[in-house]
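Both complexes shown next keep chain A, but they swap its partner, so chain B is in the first and chain C is in the second.
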Partner chain A sequence: MNWWRHVMAMEIRKILAYRSDFWIIFLGQTAVQLVIATALWKSIFETQGTIQMNGFTLPMMTLYYLIVPIGMRMLTGENIGFISREIYDGSFNRYLIYPLSVFQYKAVTYLTYSLFYGVQLILLFSIYQFTMIDVTPTLMTFVHLFEGVALFLISATTYVLMAMLIELLALWADNIWTLVVMLRFFTSFFGGGFIPLAFFPLWAREILVFTPFPYLVSLPVRTVMGQSSSIEITLGIVVLLCWSFFFMGCVALMWNKGQKNYSGVGI
Partner chain B sequence: MKRYIRLYFHFLRFSFSKAMEFRLDFSFRIIMDIIYYTVNILFFKVIYLHTPMLAGWNENQMMIFVSGYLLVDAINMTIFSTNMWWLPYYINKGELDYYLIRPVSPLFFLSLKEFSANSFLNLMMAIGFFTYSLNQYTGPFDTLDIFLYVLFLLNGSMIYFCTQMLMILPVFWTHSARGFVDLFYSLGLAMERPDRIYKGWLRVLFTFILPFAVIASFPARFFLEPFDWKLFVHTAVVTVFIWSLMLFVWKKGLQNYSSASS
Partner chain C sequence: MINVQNLTKSFTTHVKEPGLKGSLKSLIKRDKKTKFALNGVNLQIKQGEIVGLIGANGAGKTTLIKILAGIVHPTSGEATVLGYKPWQRDNRYRKQMSLIMGQKAQVWWDLPALDSFILLKEIYQIDNFTYKKNLEFLSDTLMIKDQLKIQVRRLSLGERMKVELMAALLHNPRVIFLDEPTIGLDISAQKAVREFMKNYQVEFKPITILTSHYMADIQELCPRIVIIKEGQFVYDGSLSKVQRMLGDNKVLSVTTEKEIFQLEVPRTELSIKTKEIFENHNVLDLNIQDPSIENIIESIMRNGLGPP
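Here is the complex of A and B:
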């Protein structure tokens, strides 16, 4: 059964349907976030009159903010409402007669986006590597890049389960897109997407270790940058898998309870 | 003019009754915006743990700026955002027809029809934070300064609206689902940073071409620093230019609109 290949091919065709828009938005979003973050940190470094802050030099900070937007896109996929929208309009019915699990199908469609953005990360990294060779931290290699992309794909799997949990609330609530936006805010801020976690107060970092957020964003980004040890990466994978199993259990439980509420005609 | 004001009050009434139909969503949106405000404030709080000054402002002054851009965001979320969300859909599905044949300005109707009642409470919260920041601010200011600051922020909201429209209107030609609005949201980050961090070509980009830095950072400078005529003229020129450009593109877009077959 390699149905997932067909599903992935179909999703990639969808992604590339509006090619010019896609590339303008992709390159635009990445460049904008990069230049704004770099301008901000350049100003902070200049004010402080230092070349290193909390283990980050300015080139490292630039690289961090190059990886973060693409990494976040790998995590959050493309669609808010990838399940709830179909529950609301009643088109969720079709999945009930498909000869495969709706959640497997949805996970594959979602992760296709992650994989696609992963390829873009590799592409952008290569360009960065060749153009910024003199300021690139020496620890960065293609091995670290592939490790980081793999870690991002694992964290995207955890994230998709978290998103599914929220999307399934559509079986009870009128409108849930705001909850998905909240999840994005939390993941981005507490995962180190806005500011590297090294700049957070120690007490906050100690608390965050008990949440999935640092493993979703900060760890894969630091892995790409060659700043994570093998032990950290292994531990991160174990933690992400534990969270994934936990969320998978919650999704199964919610679906069991919630499907009784599904009318099949939408709201 | 009277007719348009009366019409707007009808929009308000319909929007509030619609919002109250989905009470859970109503509460979720309030919580979402509270989180958005908190994250924005925490962002600068964390930065000021590592530096006493940023772009020439201390933490106290930065909070005045933060409260300003949160206010602009709340105004836009309340008044324009839902309308902006639906506009590409109307253009692509040919539903713009219904708005073009009505005896009111289509731009007025399409930009203001949906008042986001959920966000209205958040606008109240943004005003609360704005007042709190002013209370905490130790520098000298009087009522006229506050009045001018609010006035410049309202002008900033108008620039924000025009810029957003300019990112959506290419839908008339591209027929894509959302235009470049995702790019607009990313660019919105430029509004949330003080303009002095932008140097060289980046400064030209964010103060002239895509004037996000003019939206909230310039008003904050009018409030926190001595009045600067150059800054005032800059703001006025950008406002007139972006409003005219938006109207021009809107008219061109309508000429290109091919109704239901779009």
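Here is the complex of A and C:
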């Protein structure tokens, strides 16, 4: 199992080989999302003539949308199509000849990206703490930040298993791109990535509590903001672990069935 | 030892009629077509042996290699390599096996080769002494020491293949599958790879299966060849034997005042044909040769082992 440290180190070297990407994604993407969300919510707050909506003030909402994009990147990693693309072009062969588990390898590479975006989150938090005027009535501290980052890593583990389930459909179907995009959309929507879950109707929230989605995005974001209780965090971890074991079983089942269809491309 | 018994692999693909009508129809119902990439093949290879697998594109060479490397499951039949069923992917087997695909890179493109080698050292659990010794030996023999710290994507095709060879041999595999290792390489790079593999085979005696469309690779490296046609073996034996079997013809290369042409004629009719040519043409030059190995193999692939 010593190889996983080297895989992580190698993935980090790969990321650092394209350092401009790091800054473009970090600054560009975060800034765009922040500007759009702030402008939108500022106008909603002004129209409603209120300073608080469903427990959110405008500065809190701004902070929420500052954390969400990086959190989503931690969750969904870098590699959309990280298995299906390789199944289609045959580069998946490589993992089948090495004496290791292909899924462990893929999970390690995936989580390396998550960890790396976690560094971006810490960086963002530090910039925010040291440069912004503290207008946010939150309990945000470095302890909460690290709790949130750890929670994001657990949720990323659940998400990578969900993604693997979809990606493995490539062993049967010629194109699974739509399903991968749908998974991202549903995760973001039902996880509170587009609109905080507090704005969802009660019946929807009562249903969602049994799904992994609220624990994938909303819970870690609120944890970073210092708004989750330890009971909520513990419950979230338990739910995520239960779903992870379920998805792990499904992935194993699908792989056992599907690997017989793998052609490694070409005859 | 490789032992293959009655191995079959079929692939099912969807077929679609051309045009808009076909596209609309395929939305509701798609027709399937089954193709046999391998159809009941048998093969035994001893330790230290190197076998050339020859066949046209789509004949089933790569499929056989993929099954023996554990990438693809067979449809039916049995195969064991070093006593393991490859598709069960036992790590004890995978640590003793290597696959090099000329058309698929296995080292990581965005990194220098040395970074990939360090990871492979961990994956294959190679001890420090063996790793250093092999790294030294392979980089010296392949003359690629200076390129190991450069991003793989920036290397030439020949250098990249050398790096692939190094990555595949670092763990001293007992079984090596080489799928078109010289494809796309220039003549000197092809020669270097061939020379290296020849010496490696003599020194380490792995089981090696080589596929290549370059007959020079086969002639240089493989005393035994297997010719595969549409998923079935049509010849399994020595290269020299196949030359003798189908070498009853001679090739006449004729240069006249008006044209240059070649004729392949049975050895027994050689004098009659030569006489006819001299009677009917103003011959400037005439050359009599044995048919090239390419022509013999092409003839077998086209007509089987019957008369060409």
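Rule of thumb we're sticking to: the second predicted complex is superposed on the first by the 260 of 267 C-alpha atoms of A that agree within 3 Å, B and C clash if a C-alpha of one lies under 4 Å from a C-alpha of the other, contacts with A are read in each partner's own complex, and residues count from 1 in each chain.
Following the convention adopted for this analysis, contacts are C-beta pairs under 8 Å (C-beta built on N, C-alpha and C of every residue); 3 or more make two chains touch, one makes a residue touch a chain.
For clarity, every value in this text was computed on a predicted model and none was experimentally measured.
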item	value
Partner chain(s) touched by A:94 [first = chain B, second = chain C, both, neither]	second
Partner chain in contact with A:250 - chain B first, chain C second, else both or neither	neither
Which superposed partner A:14 touches (first chain B, second chain C, both, neither)	second
Touched chain A residues, chain B compared with chain C	B
Touched partner set for A:3, first chain B, second chain C, both or neither	second
First (chain B), second (chain C), both or neither touched by A:24	first
First, second, both or neither for A:263, with chain B first and chain C second	second
Contact residues common to both interfaces of chain A (with chain B and with chain C)	18, 174
In the complex, chain A residues that touch chain B	18, 20-21, 24-25, 28-29, 32-33, 35-36, 39-40, 42-44, 47-48, 53-54, 69, 173-176, 178-179, 181-182, 185-186, 189, 194-195, 199-201
For the chain B and chain A complex, residues of the former touching the latter	22-25, 28-29, 31-32, 35-36, 39, 42-43, 46-47, 49-51, 53-55, 174, 176-177, 180, 182-183, 186-187, 189-190, 193, 196-199, 202
Chain C to chain A touching residues, read off their complex	11, 14, 35, 37, 58-60, 62-63, 66, 69-73, 89, 91, 94-95, 97-99, 101, 104-106, 108, 110-111, 115-116, 118-119, 122-124, 151
Chain C contact footprint on chain A (complex, rising order)	2-3, 5-7, 10, 13-14, 17-18, 90-91, 93-94, 96-100, 174, 259-260, 262-264, 266-267
